[in-house]
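So that you can tell them apart, the chains are marked A, B, C and D in the order they are listed, and the count of residues begins at 1 in each.
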Amino acid sequence: MDLFTSIVDMISTFLGLGKYGLEVLSSYVISLAMLALLVWISARRAAKVRAELAAVEARLKDSNDG
Amino acid sequence: MIALLARDLRLAVRAGGGFGLGLAFFLIVIVLIPFGVGPEASVLTRIAPGVLWVAALLAALLSLDRIFALDHEDGSLPLLATSPLPLEGVALTKGVAHWLTTGLPLTLAAPALGFLLNLAPAAYPYLLASLALGTPALSMIGTFGAALTVGIRRGGLLLSLLVLPLYVPTLIFGAEAVRLGSDGLSATVPLAMLSGITLFSYALLPFATAAALRINLR
Amino acid sequence: MMLTVENVTCARGGMPVLSGVSFALDAGQALVLRGPNGCGKTTLLRTLAGLQSPLAGSVTFPEDEGAYASHADGIKAQLSVTENLSFWADVHGRPMPDDVFTSFDLDDLRDRLAGTLSAGQKRRLGLARLGVIGRKVLFLDEPTVSLDGFSVRMFADFLRDKHLAQGGVAVIATHIDLGLDAPEMDLTPFKADHTATGGSDEAFL
Amino acid sequence: MSFWEYANPKKFIATTTPILPWAFGIAAACLIVGLVWGFFFTPDDIRQGSTVKIIYLHVPAAMMAINVWGMMLVTSLIWLIRRHHVSALAARAAAPIGIVMTLIALVTGAIWGQPMWGTWWAWDPRLTSFLILFLFYLGYMALWEAIDDPDTAADLTSILCIVGSVFAFLSRFAVQFWNQGLHQAESVSLWEWTFNVIARFFAFVWNSIFGAEQVIEVAVREENVSNVFFVPLLICMIGFVVLFVALVFQRTTTEIRVRRIRALESRARRG
């Protein structure tokens, strides 16, 4: 556990965050991670649905022409 | 509408579940608290107002999904919809019926259970007043939630998720009134806010409930 | 004209099911709807009764005279036969006609709890409800389900003698022959095909 | 071509798809600039030390959490009144974004308050109202998932959104009332400080749009908020707003496509 705190202290002193370095860092990491996750999930779902739609349209177009 | 109210009350009595269920649950929760929290009087006195209110709220929540579910299953809803009774009237009556079968008994039983939690003597009138003013709002909000989830299979859990945030203002003002009362302070402000919310619910929610019913009947 | 239906299009689940349905019924007339299961009989009846709004066309009948009844007949098991009927009479603000028990052969079941009735008796109680509410325009969806021959004839007699004779109108969706000399209408020609517009899905197609 | 033209799903997809990359680009740029500027180039606040840097995430997220619900309320009303499918689907698309914003506001708010309150969660009135908002979002999204028929779902969720907004507003005051005692001293400085920053932001916007002198005067009165905090915060806010707009366009397009698949299949089934 002390390894972790030493790393965090090293980063926070490097960034000049002073006493509450851990807090500021953790809030940034968590928030940005959540935003990134939201964007990633939305993008992945968009792609999946677009592909699905293309497949359905193709299948139905064949059955109409066929 | 009186006919509908009378029928619902008769059904509740006949089915036996109506009155007993809410009360039994209320009693169980109250009895369990000291086992969980410990028997010391000072602790119990401090948490009694909040616990009584939360238990009353959960007891009301328990019987919400039965409000429309029974009528939905045996087809009474479409028949009521095409009767001269406006759906808003049906919603209002269902709310009042639910209050009479669960809210009222809870309000009357609460002081008796207050002893179990060593509630401060000064708080009893406020407990009675706040529950009398607050539980009707719980029933009407619950009826609205029940109308939203009537068409959904196993809608009970969803119903509680939808209704709990709506219960927050009533719970806060209700418990606050009792707490202020037990400290001997004047609790007119929370009681006024509580009755404000209740009146507001009975003004707005029957229309929202009827709209939800109409949609679910489509 | 008691009930006029002009060019009604009704939808189910965002898709038009029936389109261009038109007919008119004068006082004392009945109409039997025929058609395969799922062709939209129930949807049409619910639209006519006003439970859902039609996509197009119009349905006109005297205000507050419509009543919809399906095989789920709103009978409360814990209430007795009389209580069930008197409830619906009160809701509709009408006095309880005493002959309803005899015309539906429920005389000896007056105080029996509805829960203890057989399926046939329960259906008769449901149909007796129609007699009690005294509505002129009836929309009946498969009213004779789980009824034996005798009860079906009794229902047909009630419709002919009590309801239609007093100037009532009825639209009935059923598969069996009710013995009424009412005209029949097959819904298959009104089935909405690809070109039918309307319905909420259209915006996405 | 009136505004309502965009309610046509195909036209909505056509107009928004080209904008998406630009919107995401601008949002990313604003966020990077705002956060880097706020993180590295602003001094620590005399009282709160470096934790003041959390405002660059907390304040925009909190603002967005409320604005997204407001947007959902407006789209629900549009759906109920004008029956435009895009607005109903936009509301459904916006809810997950709103719930993430609320979560961020909750997490950063708790972390920000922690050094000063001594505990990770001190039932601070404002933070608690975000917790209630989180429950509203959860209920809203759960209702969408629970109903199969898209139209019924859109109608019922719209009603829930309207009634929910009224009760969320009520809870806002109830929570204020309920927790006056706790941390009244410190929380005033902490939150008053934030809210006058927001007031300054709206004053800035209001002034730039309407040039209303007295409004800017109200904001300026709080002299302890030096400009140095305000500009990066403004950029972060813009970044969040643009990110929301981009995400909601993308997710609405996806919802429209899901609905189109369903419509195509049901038409095919009908034959």
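One rule holds for everything that comes next: contacts are C-beta pairs under 8 Å (C-beta built on N, C-alpha and C of every residue); 3 or more make two chains touch, one makes a residue touch a chain.
None of the values given here were measured: they were computed from a predicted structure.
With respect to chain D, maximal separation of chain centres occurs for C (centres as means of Cα atoms). We define each chain's centre as the mean of its Cα atoms; on that basis chain B and chain C are separated by 37 Å.
Chain B and chain D have CA centres that are 32 Å apart.
Computed centre separation for the pair chain A/chain C is 56 angstrom, with centres defined by C-alpha atoms. Averaged Cα coordinates give chain C a centre that lies 50 Å from the centre of chain D. Shared interface positions of chain D, i.e. residues touching 2 or more other chains, are given as 260, 264. Among all residues of chain B, those that touch two or more other chains are 218. If you check each pair of chains against the touch rule, the ones that pass are A-D, B-C, B-D, C-D.
Residues 24, 35, 39-40, 44, 49-51, 53-54, 57-58, 61, 96-97, 100, 103-104, 107-108, 111-112, 114-115, 243, 247, 250-251, 253-254, 257-258, 260-261, 264-265, 268 of chain D are the ones touching chain A in the complex.
Interface residues of chain C facing chain D in the complex, by the touch rule stated above, are 13-15, 194, 200-205. By the touch criterion given at the top, residues 2-4, 7, 10-11, 14-15, 70-71, 73-76, 78-85, 217-218 of chain B touch chain C in their complex.
The touching residues of chain A, counted against chain D in their complex, run 15-21, 23-24, 26-28, 30-32, 34-35, 37-39, 42-43, 45-46, 49-50, 52-53, 56-57, 60, 63. Contact residues of chain D toward chain C in the complex are 8-9, 83, 85, 149-151, 256, 259-260, 262-264, 266-267, 270.
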